[in-house]
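This is the structure, below, for whatever I ask next.
Labels run A, B, C, D, E and F following the written order; every chain starts at residue 1.
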Amino acid sequence: MRPNGRTPQQVRPVKITRQYTLHAEGSVLVEFGNTKVLCTASVDESVPRFLKGQGKGWITAEYGMLPRATHTRNNREAARGKQSGRTMEISRLIARALRAAVDLTALGENTITIDCDVLQADGGTRTAAITGGCVALVDAINFLVAKGALKASPLKHMIAAVSVGIVDGQPLCDLEYVEDSAADTDMNVVMTECGKMIEVQGTAEEAPFSHEELLAMLELAKAGIDDLVTAQKAALAE
Amino acid sequence: MRPNGRTPQQVRPVKITRQYTLHAEGSVLVEFGNTKVLCTASVDESVPRFLKGQGKGWITAEYGMLPRATHTRNNREAARGKQSGRTMEISRLIARALRAAVDLTALGENTITIDCDVLQADGGTRTAAITGGCVALVDAINFLVAKGALKASPLKHMIAAVSVGIVDGQPLCDLEYVEDSAADTDMNVVMTECGKMIEVQGTAEEAPFSHEELLAMLELAKAGIDDLVTAQKAALAE
Amino acid sequence: MRPNGRTPQQVRPVKITRQYTLHAEGSVLVEFGNTKVLCTASVDESVPRFLKGQGKGWITAEYGMLPRATHTRNNREAARGKQSGRTMEISRLIARALRAAVDLTALGENTITIDCDVLQADGGTRTAAITGGCVALVDAINFLVAKGALKASPLKHMIAAVSVGIVDGQPLCDLEYVEDSAADTDMNVVMTECGKMIEVQGTAEEAPFSHEELLAMLELAKAGIDDLVTAQKAALAE
Amino acid sequence: MRPNGRTPQQVRPVKITRQYTLHAEGSVLVEFGNTKVLCTASVDESVPRFLKGQGKGWITAEYGMLPRATHTRNNREAARGKQSGRTMEISRLIARALRAAVDLTALGENTITIDCDVLQADGGTRTAAITGGCVALVDAINFLVAKGALKASPLKHMIAAVSVGIVDGQPLCDLEYVEDSAADTDMNVVMTECGKMIEVQGTAEEAPFSHEELLAMLELAKAGIDDLVTAQKAALAE
Amino acid sequence: MRPNGRTPQQVRPVKITRQYTLHAEGSVLVEFGNTKVLCTASVDESVPRFLKGQGKGWITAEYGMLPRATHTRNNREAARGKQSGRTMEISRLIARALRAAVDLTALGENTITIDCDVLQADGGTRTAAITGGCVALVDAINFLVAKGALKASPLKHMIAAVSVGIVDGQPLCDLEYVEDSAADTDMNVVMTECGKMIEVQGTAEEAPFSHEELLAMLELAKAGIDDLVTAQKAALAE
Amino acid sequence: MRPNGRTPQQVRPVKITRQYTLHAEGSVLVEFGNTKVLCTASVDESVPRFLKGQGKGWITAEYGMLPRATHTRNNREAARGKQSGRTMEISRLIARALRAAVDLTALGENTITIDCDVLQADGGTRTAAITGGCVALVDAINFLVAKGALKASPLKHMIAAVSVGIVDGQPLCDLEYVEDSAADTDMNVVMTECGKMIEVQGTAEEAPFSHEELLAMLELAKAGIDDLVTAQKAALAE
């Protein structure tokens, strides 16, 4: 039996609040149960040096966690003078995933930076960040369209992400912290709204996993991402 | 005429939400109008090395700003590998102010770390951080008392802080961003609930200020801090 | 048609040279075609602080690339004062994969550090590093057994890794650089010698990939890893 | 009774030596009793990027302390790879204070950097640095005027700084180290030669301070700064 | 008696393998006995900013050691975020020595970077790096001549380097690790192929050395360098 | 003809002022003409971890240059967050040279740190630092003897250092900046008071140097160091 009586297939209650803060072109608070991530999208009407003059745009992302988003306090990365490998790895994952949602040529020479800051962590912060970050990205794109900087939206499709895993031999969708800690295998999946794969990262934490287990996890992921895309679209329709 | 029709004496609407996040021993979202700062207090039942064995406790603080808390995006300090001078200066101010609220000997060999992270900035982030941080500190102290780690609360008095300044020759209390940018002089004042001074930091931005202007600003600060202490006590009474 | 006339299923010529350098307890030069990685295993008869007193061992890894291992020179990370996100991500992957090969409790309070330094890069450096690193790890474990520090080998199974991808619609095994640059999808797979999965990391570089494409890539990976394990065992038998 | 028989109002013997070193456009050794700070002013005929093309100049400052300027050796900041918060805070204070002495528009697109390096510390290093730095600044300005780079001096007024504090209930001017360590309250004041305020920074070290105490400290500061300005002018007249 | 029966005058077996790796314009594995250093020369058809527009070229060098090149593992400098003083000192020595081999004006506005990475250390890594680096430099220069970027080779003369020292009162040439550890005095000498001196660095490790000892060491160095230049020329003739 | 009419053999006027600052156990301002270096010796009655429990002491040194010690301002190393290779190389040289003056076993488990900060540079800062640093070291040793921490002085002999070079074919002793910039060859020599060598570092800046030139430079160095030792002893006799 899962915490809060969820079925193995069920994602946690998802809440997506747009315009959560004032200044950013896109600003979304995304909640997967107790996991809360603030995702802002910032538009910069230029591109990094390596893209100058190619007529293409860029999407980048940075992930961070407030020091006391977790059960015990983590040292502040800015004070330590160094981002951890985990932080850099997650930032790269979010950026790569969101770039796959956009036709960079149609974006023109604009950069959109997605900042994902975890206010409260309870498992699945990177998948929440991707899911909420995509909504913030859409808002920033629509801002560029509304002000006439873009003729049409370069969005190719929504993307969303969920974690799946195997706990005590049981495949589960959208692991929360206590489940994640007990998982034999943990997999993060990013898909398009049509169910095609953008990124699959499966890791055997305790024991190697079989082909059948992989298939079971992918099936859960697909269903979970369907629910997340529905929530994204509902939020964008408001 | 001030934005939103405030009188020169008036602080912005203050909102103090306790238990804003789950994990920290104290967790407060403080809002001074559009300025929003998340203040968490984390208890560590030990002390830094320089205090070991002296039977005294320690209060420290760290300040940060999310990259898009402001009108334009600031680079993330963790990514740059370095905190700015401004960040370090504000962290030191908050820590010094909050230490003045507590009898460190009565705190025993415990450390309380106050993290103040600005979610949205509209002027006065450091004074909001001190005001909200003091409430989070009280919650953390009460946590230690409740679990029996402390016999009695080591709190000496509440403290709160407000910015005052002179804009177009007019002294104003609790400057918001547009006022702050136009100020000739800017002063941050930290006081105890009884109106004694903990810290006074006045800076001539454009023109030197006179003794009379200093007195006028201090008077505004005292009244503003009275209102903030009332809000702190109301929040703690809930 | 692939470079050097390889079939889609075929891995590059694999060469595993043990005792490549003198000082390390395990020292392996692994070559996947033109990709050459020096993997050393260093034994430290103690554990990191977070494991002290638990009777368990630890496996860690660090990845690096000589500045001119690639077509154009990359700045030296030691000179820049910072490892890139890519470097940290790969180091974490190698370490995680190799830990999955060992029963850490049976390793006792020993740490084995695997350094993987790329002398020459032509695609697949991380999979070569894992494959060669596992052989160096086995040599280091055998060193501990030979000197009596361990009663029995804590090795659970060999592991090996290969990259697979889709280039012009065609699934290919063990991509070399020119193929990797042209791939729509790129996947790194780590498996045990029995074909169970340790890590699967698939990324859509250009276009999302389908479930069928994922299955095709996994099948190629399994066959490729079989060949790599054969090469590992042959090297260890010498 | 104060050390060396000073009255509460009295500043320490002040010595200002111009042209202390050869190369800088302004070079001043300032001594407040045993506190000795070498202040150099370096002219750069350009401005930082954020000011380019605005026809305005810039004044900046950096503060440092030799490792053995103090009773016990402090680690060298260059070796630790990081300036302390205290160092950055003081650098910012000096720069802000000296900018208030100059009409930046009249300075033209020139930058003057004031380096303040403490050779020997005995309290009041930041106020000595501001007082001596202003003399070095004037010499650098006069250098620019003499070589024809500026038509007229952009100096608006001399500025000087002093620390005041309350020790055992007694307000004292220009605290030396033993007094500073025992102070309940410590305040640094920067004023123009006409007695208007540039910066006021008062901190309750041990106990909050009252309005009356603040007024008493400000009065002492004003008289002390008068004496310092007299010393500055005498040095510049030589 | 020396290890391996060498006479005091004898250098270790020297092996210089050109084209050791694929991508670099010059790539040399140099072996002085068990000391093995990979030296690559990378051509960049531009110069650092301080040389722009002067019509001159530049030679620079970086030295590194793989973590387990030595008896016990050294922490990776890239991971520590800092190069050691020893590393920087050796990098500067190599660069200075190799610049002395070339007419920088005749090199035109090209930069050649020599990376020297120690794969296995057994004493004399810096002298091996200079000796092998010079061969890699020649290959890179010949690359520029072959592609027509340079009309003629700017090489002035070959240079090579050897360490000499005094062990138990006996002057020895080309110290290996066990000798180096026992030396009273250690000297690194860089000479041109004609026997003129480029760099002499002698250090009393245990006891000051006399003028006569210096002369004895220089004589050994000259003979050793003759042998090394012969080996360089043989390698280049292949 | 040399600046100030010096003969080729002549060192600049040397001035050694002891007790230049208050707090350090040894504090010396050394002047070689216009080169001025403040050398402090700080005693720490413990040793670095790698020497703990061996009954031996340690001498270490750090070199720094004030930003405007030179003709144009250099960026402050503490602000850049990194010491230059040159700074680290000189620090290592000073420390090695001064360790050679002392019987470390007779020093007991004490550490003496020599900080050499250049107030004004005109060539020869490292040799002035060694020469003045040795006097500060002697004062610190005598402090330990006087307070009874050491039974007898562990000083083996005075050491001093001078630079020599070849300018326009002429060997010169104690180069000042304009000579140093024009030198074909530059050599720093550290000797004991008896004329034995501690360190010889000769570098061909423009042209390789011959054996005869080396001998000529060493002869000049020996005479110059004799004069410096005389100055050291006179200062210590005061």
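In this section, contacts are C-beta pairs under 8 Å (C-beta built on N, C-alpha and C of every residue); 3 or more make two chains touch, one makes a residue touch a chain.
This one's a predicted model, so the numbers in the text were calculated from it and none came from an experiment.
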Subunit C and subunit A - chains in contact with each: none
Comparison of C-E and B-D by number of C-beta pairs in contact, larger one: C-E
Identity of the chain that, by mean CA position, is farthest from subunit F: A
Fitted rotation between subunit C and its twin subunit F in degrees, CA, nearest 5: 120
Rounded Å distance between subunit E and subunit F, as computed from the means of their C-alpha atoms: 28
Computed distance of Cα centres, subunit D from subunit A, in Å: 50
Between subunit A and subunit B, centroid-to-centroid distance (C-alpha), Å: 33
Multi-chain contact sites of subunit E, meaning residues that touch two or more partners: 81-82
Ring topology as an ordered chain list, initiated at subunit D and continued via subunit F: D, F, E, C, A, B
Residue numbers on subunit A that touch subunit B, as the complex places them: 21-24, 27, 34, 36, 38, 40, 42, 44, 62, 64, 66-73, 76-79, 81-83, 87, 113, 115, 117, 119-120, 122
Subunit A-facing residues of subunit C, complex: 82, 85-86, 88-89, 91-92, 96, 100, 187, 191-192, 194, 196-204, 208-211, 214, 218
